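Across the two complexes that follow, chain A remains constant while its partner is chain B and subsequently chain C.
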Partner chain A sequence: MSRATSIPQPAGADQPPNEAEAQSPSVRIIDARTAIDELIFAEDPWYALPLERQRELSDALIRQALREHLERCPSYRDYYARSGAAEPGAVALADIPLVSTRVFKFADLRSVEAHEVERWYRSSGTSGQPSRVPRDRASLERMVGSVHGSVGLLADWDEDEVAVINLGPGREHVEDVWFQYVMSLIEALYRSESRVPRDEAALDEIIGLAQSLLDDYEHLIVVGPPFHVLDLCEHMQRRGVELQAGEGATILTAGGWKRFGGRAIPKQEFRAVVARQFGLRGEGQVRDVFNQVELNTVLFECEAHEKHVPPWVHVAARDPETLQPVPEGEEGMLSYLDASCSAYPCFIVTEDVGVVRRGRCACGREGTRVDVLRRLESRAAKGCALKMGQIHANG
Partner chain B sequence: MATKTKTLPSVVCGTVVRSAPAGHHTSTTVTGHELRVPLLAMSDVDTILADGPRDRLAELPTQEIVNFLYAAGQNWKSSEYVRRRLYIRELINQLGYSPEMAKLEANWIAMILSGYAGLYDIIASELGHRFILDEWIPREEAQVRAYPKGRSLHIMPGNVPFSAVVSVVRALVTKNQVIAKSSSEDPFTPVALAQSFADVDADHPVTRALSVVYWPAGAPGEAGERIVAASDVICAWGGQSAVDWARKAARPDAEVVRFGPKRSLAFVDAGERPEDAARGLAHDVCFRDQRACFSSQQAFVRPSPAQLVPALSEALDNYTEILPPSAQGFDDRGARALTLAEARFLGFSCWEAKDGSWAIIHCPPSFAAQHPLSRTVYLHDWPADLDPGAQVTGDTQTVALFPWAKLRPIRDAVCRAGVSRVVESGMSNVFRPGGAHDGMFPLQRMVRFASTELPSAYVTKVMTVKIEQTKFLEQDRFVEFIP
Partner chain C sequence: MPTDEKAKSKLPSAVSTEESVLRLEDGRQIVIWHSRPQSEEPVRGTVLLAPGFCARMYSLAAMAAYLCANGFAVYRYDPLDHRGPSSGELADFTMTTGRYSMDQVLDWLARERGVESLGVIATSLSARIAYRVASERDNVAYLVTAVGVTHLRATLERVFGVDHMASPPEQLPETVVFEERHHIRTLGFATDAHELGWNPAETTRAELDRASVPIVAFIARDDDWVLESEVEEALDLANHPERRMCKLEGSGHNLAKNPRIAQAMLRELTGAVMALETGGEWLRAGLPPSFPAIEREPTFEMLTAQVIAERRRSVR
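Right, the complex of A and B next:
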């Protein structure tokens, strides 16, 4: 497949991509062909690299990013100095001071000049204060590049033979909500239609559309948040519709695994329901991708349902008290060091709990995988005391 | 640690039920044990919603209810009482309480149940008269009486046993049938309370009036929906989602009494007696590990937070010893670690106990929106021009003051701005009879007032003649009687 590097522009963005590329000084990063860009925009996929090589790259790229952010981001530089961490060449990756993702709710964090920020993106949470995260051109291009470079984990499709239904507002309506932007990137890879399944009529239309695209194309990708996909499947059930997609469809989910009202959707059950309703040949055709507004890379699931982490991202599960990495395979708070981000120091610790594994995956590829299990949920919050975040939720 | 499975019963109108026709809800406790609680079954609902349990309690004189609670409380007071011993053991083994904290919870249960004088005072101060639930009480030109609303549903708080017991006692002394929907965080307290009632008298109307059931938060199912629909009062404790759910699910004519979520804070002038200032604040921070709405989360400090830190660290260490914190789960520890990382990123000074049992953060008040609880106290500067009223909102429950005599004038500013309680620092957990809770007098929400009014033969204060309305209309004299 082709590896276009232009950024799909959300509605309201300043300039069409080509012009911007020609005029903006920030394209220097692409021109400079730095090691990270060579890796992200490489013809050969990163997931084919041996584990040891991935490790070396990871170490070098993250140290290089650390040096750059220490130079350009005064608030991170001060934090780093206060933390007493060793200098960038000597510090262990595990000891690089982490920024809690909640900092993005109340502080503007950036490593580029204000005019270099293409856009401030926000999280799509329905309650509470959204995070605000800046992206410059280089970060966005690498983000797009990483999607192109990782989509092969799903399958190697010929792009003319694939059609996409995005269960969301679509590219032309994407503003500053990061999640929608990421979805639009996936949508932008192929011929696509966007439909928000907001009511019965819309759901009926989507079923009809899916049917006709299955007839006209070799492959159909339905992408959307899990609860929308589940709504669609339940609607098909009510209507007595069972599609016969066979090998001709992939259902790709992204976003939170909770339904309205906060109940978690069990992933395995979900895959079974979706595979049945679409008539898929196997549950391997139901895949998930992971991203969050504070992370500059999209993590794709392989056929063994493992999310592979590219070498420019270092992921660790950490002890909830010391924030030091826990042994492989143990649950911890997930942290990411993402070297692809130039707009802000993407050295983050999140509110997600998960497990990190390294080595050979069941799919046969070598590398690091992450399993995002759940959000941190404080037991203390179930008393009658008002605690973190809830003040924002009220007002 | 070996994982053990504990299966709790439900209680249907005072009877312990060990079968679970609707299945169990399974959760993992903070200590890593598996906990199974029966889901509410339709057959239980039929028993609970029969008229008997509700009506028998409504007919009981108040003093019989108070005496019954006293008898149960006397058992709880005894360290030999087997129910108390089992309860303390569950809090330690299942909920991770320190032995000291578990014992203190049991003592508070004994205190609430045994405090008959306090109960009478609360009835008298909140409802107007100690016998108003039994007799017609003269009041101006009427006689009034209070009747129970009928059935009360209690969405119990997670892990604040004291509040669970208070909620049940308030409903029972106002003669309301109680259906306690326990929290998966603490299903032990309501069951232990119900069993202790049966220990006194298994067939007593108070025993029969209490049922303890469970459904997952926000998902009552068909059986739970019948309970909700039949509830005349819903007391909702806990986080925002529990409180919001109760308001949505309640029958339109039902009373929804919301407790929490609230936060509390302190104003501390530590200039003269820093050790005393630190001791009071440490108590209000450590009591129930800040799970309760009255626990101090922040303190505005004079002359400066940094000056209070040594004494406060020492006082917090002392509480680690005399009232060790309960075990903190993964998520609570994670919330604290994230908060400390944020504070450090923003350049705020942080102090932590060597054993991690407490943390102090010197930060501006705006940082308080992120609070992990778990014995974490935020200290803020208190400059001369700070308006205490601007530091609180309707979300603020209790303001604790030190020293009391000097700072009491602050009460006007903070209460005008939304605070419902002002106390001396170190006294946050002591709810005095007569005091307000979350801006109200809760017993008033549990009853329905009725009045019988004086007949025409009685003159009113503004008329010296008998009230003869027909004659007044015929003679068009109404205006004469307008004062």
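Right, the complex of A and C next:
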């Protein structure tokens, strides 16, 4: 499929359907193409593109998104003007003014009309003010596309062959908590069962369900936050259950390791425990995915346990004081420029510390990878968040 | 600051869908879904959606949702010997089985639901069947096709990379594999296609020369299986002002792949059905220069809720 590899055309590339140019009264041309959607929903996966091509796409798509948000989001436009950044055609991606994720705790930042907002989603933090982020239809569809397009990093499954156990609430019980909402959408892709492992009885039921789905389906995916997966494994240990999934299961952790608290164990050890308890062929079948409410794209781990970043997202690790990108491979505050989001300017600096790598991954694919290591808890971070918070002052 | 719009976000309800089972005299059954608008207003009209080869009824969830949201009663069915819940296996499908299934459903709609006249919307392979049905039955008021096949043999050659229809029966492989997973027996399909004239482009053209219903055909400009030129040839637009082609830029045969294109297509298709439903002789003189704008558009959440509800119904 050639569309994905053609250079996006910024001018007019994201216009509404052009229905004017009909050749004759009997023919209508409907042109709803946009460069970003052609990449996200391409037949061929983005991770098969050469690194240089990924860079070109990244540059063009993020600049296009920047122009659109400057046009549609007055608060961001003012903030951009005050920042002294060069005009959108000339600004380096690293110099695009960033919004602190803290801003979403109190500001109403959006680039679409109120009636275009499908819903405001919030972060799942248990303490403090949650972030609230709007999403429109296109942003939601692209988020789902980012999942669909990256599932290939796990395996090539037919939808009929796969069953999913989601260790969280099902669709009827999710409200506007983004993490739970995203997890519940898996049911639009695969046959899914949702169970919250809240007590022993629930854990017993999940074990029974896993056994029967392993019998009935070629592949079982168990997805949930790491602490729930660990609960399940420990419960299996207590019950003396060791599943024999072989190659027939993938355990997908999502939602971060933050709530592990005192129970945190190194990821390698975690993978070994899970692989043993499920009887997996290898630890490569235990993968992690990353997302946060302020980021529209879901990032998947490859078999080498590296999170690949698609070309419509630019990720950088930055010095917390200067906000300048640190040399590749060094730790810094993670920032993302995500062109898949039309609902708000998804040009964010987070409070996570991580490392960014570019080039060829151990899995053989070329591209950018990010390793999210921990939360930043220093004074510098808070100072930075305040500085970024200025977007709201005049917004 | 947070505004009222944040407070009112809640799950919107999906379209309501009921299942019926049409039991045939030979004991086989065809499963039919009926989706209705949620509003109390009288329905604007009735349409029947025919899924493409190998596609399940829930693959048409979004189309059904758009049509329901704009006032239509929507029926869908799974043909015999197909992938869904109706009797038989996909491996045994033939064009004539597809034709028989569509006829049975149209008869059932007239008999059981009093639907004397309706629109048919057919996708891919089922469009080839619908072209014949529309040329032979008078209760089809209008036809809308999406990536509809008009030259069966040529399309099959592109799909399988081999022109199996050129093989003598004894040299046919027992099965061919569709989309890497679905085994289809060849002998019954090929024999039927030869004997009942499904293969050539000429029979489609001849059937459409006899058909008098308005037709709107959506094609995808990057479709590797159905060529724009074949559809143009079959529709003979120059001599039929009651027909129109809508060409989707940037799409391949799978119209649902890119949601921006799918959305534009569903808006245009729903507008087309709204125009066609107003019916009457005046349409024969020519379709309006543009179709009306749709009145209501389902949200992402409504579409997702419907897909999930229909998926659950399918696997239960």
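By our rule, the second predicted complex is superposed on the first by the 338 of 395 C-alpha atoms of A that agree within 3 Å, B and C clash if a C-alpha of one lies under 4 Å from a C-alpha of the other, contacts with A are read in each partner's own complex, and residues count from 1 in each chain.
Simple rule for what comes next: a contact is a pair of C-beta atoms (placed from the backbone, for glycine too) under 8 Å apart; a residue touches a chain by one contact, two chains touch by 3 or more.
Just so it is clear, the model here is predicted, and its values are computed rather than measured.
A.B. asks: Which partner chains sit in contact with A:Pro320 here, chain B, chain C, both or neither? Use first/second/both/neither.
C.D. replies: So A:Pro320 only meets chain B here.
A.B. asks: A:Val99 in the overlay: touching chain B, chain C, both, or neither? Say first, second, both or neither.
C.D. replies: first
A.B. asks: So, A:Arg198: does it touch chain B (first), chain C (second), both, or neither?
C.D. replies: Neither partner.
A.B. asks: Scan A:Arg238 for contacts with chain B and chain C and give back first, second, both or neither.
C.D. replies: Touch status of A:Arg238: no partner.
A.B. asks: Which partner chains sit in contact with A:Leu140 here, chain B, chain C, both or neither? Use first/second/both/neither.
C.D. replies: Touch partner of A:Leu140: chain C, not chain B.
A.B. asks: Can you give me the overlap between the chain B contact set and the chain C contact set on chain A?
C.D. replies: Looking at chain A, the two contact sets intersect at 106-107.
A.B. asks: Which bits of chain B are touching chain A when the two form their complex?
C.D. replies: The contact residues of chain B facing chain A are 30, 157-160, 163, 183, 185, 218-219, 237-242, 259-264, 288-293, 295, 297, 329-339, 341-342, 344-347, 356, 366, 368-374, 395.
A.B. asks: What part of chain C is in contact with chain A in the complex they form?
C.D. replies: 1-3, 5-6, 9, 11, 181, 222, 237-238, 240-241, 243-250, 252, 257-261, 263-265, 267-268, 286-287, 289-290, 299-301, 304-305, 307-308, 311-312, 315
A.B. asks: Residue numbers of chain A touching chain B in their complex, please.
C.D. replies: Chain A reaches chain B through residues 75, 78-79, 82-83, 97-100, 102-103, 106-107, 129, 261-263, 320-323, 331, 333, 349, 351, 353, 376-394.
A.B. asks: Please give the residue numbers of chain A that touch chain C in the complex, ascending.
C.D. replies: Those in contact with chain C are residues 1, 3, 17, 19, 24-34, 37-38, 41, 43, 106-108, 114, 117-120, 132, 137-138, 140-141, 145, 158, 171, 176, 185, 187-188, 191.
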